[in-house]
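Two complexes, one shared chain (subunit A), two partners (subunit B, subunit C).
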Partner chain A sequence: MADVNITVDGKAVKTPAGTLLIEACKSVGIEVPSFCYYPNLSLQGACRMCLVKVEKMPKLQTACTTVVAEGMIVTTDSDEIRQARKGMVELLLGNHPLDCPVCDAGGECELQDMTFSYGAAESKYIEPKNHREEQQWSPVVFFDRPRCILCYRCVRVCNEGMDVAALGVQNRGVSSIIAPNNEDHLECEECGMCIDICPVGALTSGSYRYKTRPWEMNHVGTVCTHCGDGCKTTLGVRRADTGMEIVRGDNRDKSGINNDFLCIKGRYAFDFANHQDRLTQPLIRKNGQLTPATWEEAFELIGKKFSAIREKDGGQAIGVIGSNHTTNEENYLLQKFARVVLGSNNIDHHRTADFPAFAAALRGRANATASMRDVYNAPAVLLIGNDPTEKHPLLAWQIRSNVRLHRSRLYVVNSQPIKLRRQAAGFQLIPAGAEGAFAAFLAGEDAALASLGGSKDGWTALRDKLKTEENLVIVFGSELREGDITALVKFGSAVPGAKFLALADYANSRGAADMGLYPDLLPGYLPVAEAGKFHQEWGGIPSAPGLSLPEMAESAKAGKLKALYVVGANPIARFGIDPFVFSKSFVVVQDMFLTETAVIADVVLPAANAYEKSGSVTNTSGDLQLVKKAGEVTGTKGDFEMIVRIADAMGFDVRQLVPFGRGTRADMGQTRGAQSGEADRHAVWLEANGLELKMSPFDPMAILDEIQRLVPGYNISRLALLSGNDQQTNFAASGPAVAQKPELIVPAADGLFRSGTLGRYSHTLHSVMENKDRQPSEEVAAD
Partner chain B sequence: MAILKDIAAIAKGMSITFGEMFKPTQVENYPDGPGPFKGAKFQERFRGAHVLQRDENGLEKCVACFLCAAACPSNCIYIEAAENTEEHRVSGAERYAKVYDIDYNRCIFCGYCVEACPTDAITHGHGFELASFNASNLVYRKEQMLAPQPAHLGANSIFNQAEVEGGTPSLPAQGA
Partner chain C sequence: MKFSEEFEKRFADMLTHYPTKRSCLVPTLLYAQDEAGYLSDEVIAELAGRLELTELDVRNVISYYSMLTTKPRGQYNVQVCTNIACMLRGGEELLEHCKKKLGIGHKGTTPDGQFSLEEVECIGACSWAPAVQVNYDFHENLTVEKMDKVLAGYQEKK
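Up next is the complex of A and B:
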């Protein structure tokens, strides 16, 4: 669009036609106060805080609804404007309680800020204030009506952003009130977006309310550890008797791929960390009972046992199972530990998508993977399978926002009438299990139509339409495996600029696959049999493929697998393995809780979770992000440290495992200035230049060096990573991979309110689910 | 003659001594004096150990807003907030201080906390005997600083009595 020239407070501003005046002012650093205006939501014009003077217009205008016009001359600050704003604040405060000392918003309240800037010190109202008791609308949403300033942000974000429409307005004019959809409570997705967006303390969160104050917390930016979407979140932590307790999660600074979005799990379900069942002491089985022990005892025992079994029966008698929630560094270290220290390729994890097939299909193709940001920007999106609203809330948000704000075209092919069909330009229902047939049809196999149902013309029209879409993003669920993916990629290569996104279920599922938690694949999907850089770097690692997870159980049953090392996984419950098959094996489990797998273990080591360590994770679309340590529970250790300690207890030189103490080119004499402040600045500089001192064998950054050097697609900018940015990894230089058995993929049984083991130990998710169960399952406006 | 001169000088001196002996004392008779402060006298504005006040219903005035902790230049106030419920009501507002500690190792008696408090909950009392052989005794807990129940509520006041081990202290905190 053509640019328009306007003048704001004497500054010349050039801005595209159609820009709102408030945004034009913001672009030159002039802040126009506002309550009801919120970027990316529809315009409301309710609060009249943004009044500005536009020359030749008789009255003050609302900057949030006025579109710039050529030659406009605008004043944003004058006595008249201040007087008007002061009047608005005074009206808002007319019935506003003096709650600031107890109000959750106190300290970060927009009304407080406005009152400081414009407010009248005394009120002209002497009438008694109209009090209403606080209401609880759901386990996580509370409403304090007198504090509400009727900006309607909550209503709009729920309606437009979430497509739930659980909040509405009752009555008109001065007696308007915000009300939930189901008489006295909410029936919704419990995302907490309304609480987050509320400029005052009217909507408050069940998990945070009355606990602390914003300035009393430390704030740590990290990544949500639930689903595979990798939302960035800022966790508020405070001191507690047991270390550091997480009390709040949000992304108010809109950093990261998710803007300010978080679903219920990212916003509230960090409470598993402080569940009373959390393990805080190593346990060793003595006389058949798991008994508390010291760390030294535990590591010594594990080291002794593992060494003895490796000497006597060889590495193939030991199996290792990794996790979808641990960091890339831990996963990489774990498979390196299995291959180098144990001499075993028996390593696997709970797979939720066929990444090897995906990587193989995209091999040699640059720019073929879609990031989460692409989903928000692409002119068209094709979604095959999965139900993102339930399983990938951020992906669903990105798609909805894209359709709403950019008029992107969404095509949905699914066996269920999933909620995203409401945004779809085209929705096709197919029989369950026919997703593969659809991929084959797209690739040109018309015979596949038989299993799709519907008319041939309809399907062909859809295919032709898709072929004309430029920069199409093709998102598919784990229903597509092996050849289906190859077929889909074949179709995609005919569409200019098409990009792909495979959906896996857990926070670091993609990372676990990329880091080579496979019995027959090294990191970067290099087959173990092929002599390559890993063989060179690590020396004699076994080149015969190892056992997959079910095969390990078989082998244990046959008495051949003598030891099992499980890091943050629960294979017994997830795969329905009979626990007795491991009765003769020496089982070591690292976990937060006594899971079904941990109860059969000989040694259980209490592990820290992803909110309690640093490292990096890769979300399902391949966006690599940094996780930082926020919480802490005394008595636990990170998996990284435990793996290194076990290697050490086995008598292995840990320098061979973690390349710490190398690559430091910094002058140690100069890094310490006269004051500690100088030293700190220097450390930041070192970090920014990739010269951080990796002085400890427990430093994940030392392994990240090796990952960046050896794993194809991970050579991203460390500086950008450390600054908290997301960066896309890719498959262009991946190994050729090896075909995997499709039945090894077991999708997680998670939904919007479920999250595997983490969810089982989250009080918030439980209370929400119990609440849902209690309500009659009537049809709601929200679908 | 010299000796007479000396005797006269001593007599003159002693006359002052004996004369003063029977006049009322001018210095403070601490620590042998009467009253809770053992004879020590204070100006109204003296800033001594803190007292956490109660309202006329015996409820704690502190609403755990953390403003005192934010204002404190020596960072010595530690608060944990909790929510009042119907059954367990400690303060008049939605929230109360479940834990309220002042670390007198660090407090500089500047009075900023008192200035900051929106509910006049924290005040400086006149308690001054804070010395201790053990630094950890100098971290005062809420129970040590809380004002006694208002007399008109009597000893059996339903409010909060159980919270304070052995009942409320009868005096403003005096130091351990």
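Up next is the complex of A and C:
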């Protein structure tokens, strides 16, 4: 749109026509106070805090609803304006309890800030205040009615943003109140968006309320470790008896791909980290019992056993299972450890999408993978399979927002009437299992119509319509595998600018695949047999494919697999493997909890989770982001450190594993205890100066160097990554991959309130499930 | 949920008047209330379904308008204005009188279900204050005596 020239407080401002005055002011650094205005939500004009003077207009105008016009001359601060705003604050305070000293919002409350700026502390009201006890609306949402200033942000975000519409306004005028959809309680998605968007402390969360104050926490920006979408989250941590405890999660700074969105898991289900069942001591099986032991004892034993088995039976007698929640660096290191130190290609993980087929199909195509940001901006989106509202809440939010704010056209093809159909320009129901047939039909195979049902004309019209779209983003669930993906990509190449996005279920499923946790694939989908840079760089790694996860179980049953090393996975429960098949193998498990797999182990090492370590993760759309250490539980170690220590205990030169020690010396400070802040400050300084530690064999950045150098598609801007940005990886230069058995892909049983092992140990998710009478995740096998 | 034919005809016609279904909500609520006496849970669910709204949405609107009610009322709803003009000309006395006479308070209903009483804001009849509205009928320039007659009239009607 054409630009419009206006003057704000004497400053000339050029801004696109159609811009709201409040945004135009913001663009030149002039803040106009507001309560009800919230970017990307519908306009409300309810609070009248944003009053400004526009010349030639008779009265003060609300900047949040006024659209700029050529030649406007605006004043945002004057005695008249201050008086008007002060009056508004005074009205709001009329019935406000002013219980700031105990209110969760105290210290980051917009009403406090306004009162401080405009000073309306004295009230002319002498009537008693209208009190109302706080109400619990759900396990997550609490409401303190007297604190509410009726800005309606919560109502709008729940209606427009979430498409849940669980909140409404009842009555009128001074007696207006915010009301939940089921009389005295909420039936909703429990996302907590309403709580975070509330400018005051009227809506508070079950997990954070009355726990601490904002200034008593440290705030660490990292990435959610639940689903595969990779939301940025800021964790509030404070010192606790056991280390650093996470007390809050939000994304109020709107950094990252998710703006201020988080689902219940990202916002509240960090509490698994504080669960009392966390393992905090290594356990060694002695006389049949898992018995607490020291770290030295544990590493020595593992080192001795692994070395002995490798010497006697060779690397193929050892199996390694990696995780979907560990960082890229840990995954990379683990497969390198398996291949280089153990001499074994027996490495696998729980696969939830056919990334090898996807990578192979996109090989040689630049700009073919859609990022999470693309989903928000694309003019059209095609969604095949999956139910993002349940399994990919951020993706669903991106799609909804794109449809709502950019009028994007959404086409949904699904075997269920999923909730996103409400945003769809076209929705087609197909029989379960017919997703592949649809892909084939798109690629031109009309015979596939037989399995789709419905009329031929309807399907042909849809295909023709899709072909007329530009920059279409094609999102598909794990229902599509192997040839289906090839067919889909074939279709997509006929659509100009089409991009693809494959959905996998866990926080670093994509990273696990990209980093080569496959028995037949090296990092970057390079077949193990192909002599290439990894063989050159690492020397003598086995070139025959190793055993997949079920094959390892078979091999153990046959007495051939002598040792199993499981890092952050629970294959026994997830794949329903009979635990006794491993009774003769030496089993080492690194985990947070005594899972079904950990209980059969000979050595259990207490692991830190993704919120307690640094490194990088890749979300399902290939966006690479940094994770930062926020919490800490004394007595645990990161998986990275444990892998390195095991290599060391095996007598391996760890420099061959982690290329560290090339920087200058630095004081690493203390990581916990009274001086722990010092270490942070040092790290902050180094980071601010573009330096990296890499002084220690436990520094993931050293491995990131190697990843960037060797793994195709990961050569992104390190500077941008370190500054906290997401960087998109791609498959353009990846290896040709090899065909995978589709039955090895087992979708997670996760949903909106369910998150594998993490969910099992999350009090919040449990209480929500119980409240909704849904089956808690105990019953569900976990990873 | 069954409404009269007349309601259905009006409703069908109304749908054609607005670009979105939800716009029909307010008049529909009024017609439904006239027929059912009050807006029961059943009526709310029915209308929400017809207009593709959540029940919460419908309740929000009902709670905004004091003429809409979710509780059963008497056959005759006596609405006494005590806003400024009527107050100056005896509206409050009228209200007190009605309370005593009917034996109920603000928003109360007589045990036989014949009358309900409500104190309301200006009903736009200031020129003939004090004024009272019974269902859709206006009674103006009232005194306590006249009020008795008005009530007696309805009592007879049954």
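We take it that the second predicted complex is superposed on the first by the 742 of 783 C-alpha atoms of A that agree within 3 Å, B and C clash if a C-alpha of one lies under 4 Å from a C-alpha of the other, contacts with A are read in each partner's own complex, and residues count from 1 in each chain.
Basically, contacts are C-beta pairs under 8 Å (C-beta built on N, C-alpha and C of every residue); 3 or more make two chains touch, one makes a residue touch a chain.
In this text the structure is predicted, and so the values were computed from the model without any measurement.
After alignment on the shared subunit A, the placement of subunit B and subunit C results in a side-by-side fit free of clashes.
When the two complexes are overlaid on their common chain A, residue A:739 makes contact with neither subunit B nor subunit C. Contacts of A:172 after superposition on the shared chain: subunit C is touched, whereas subunit B is not. In the superposed three-chain arrangement, the CA centre of subunit A forms the vertex of an angle with the CA centres of subunit B and subunit C, and that angle is 80 degrees when rounded to a multiple of 10. Of the two partner chains placed by superposition, only subunit C is touched by A:181; subunit B is not.
After overlaying the two complexes on the shared chain, residue contacts for A:102 are found with subunit B alone; subunit C is out of touch. Contacts of A:719 after superposition on the shared chain: neither subunit B nor subunit C is touched. Contacts of A:215 after superposition on the shared chain: subunit B is touched, whereas subunit C is not.
With the two structures overlaid on their shared chain A, subunit B and subunit C come no closer than 31 Å at the level of C-alpha atoms. No residue of subunit A lies at the contact with subunit B in one complex and also at the contact with subunit C in the other. By the touch criterion stated above, subunit C contacts subunit A in their complex at residues 54-57, 59-60, 63-65.
The part of subunit B that touches subunit A in the complex is made up of residues 63-67, 69-70, 79, 81-83, 93-95, 118-119. Listing the residues of subunit A that touch subunit C in their complex gives 165-172, 179-181.
Subunit A contributes residues 99-102, 106, 134, 209-213, 215-216 to its touches with subunit B in the complex.
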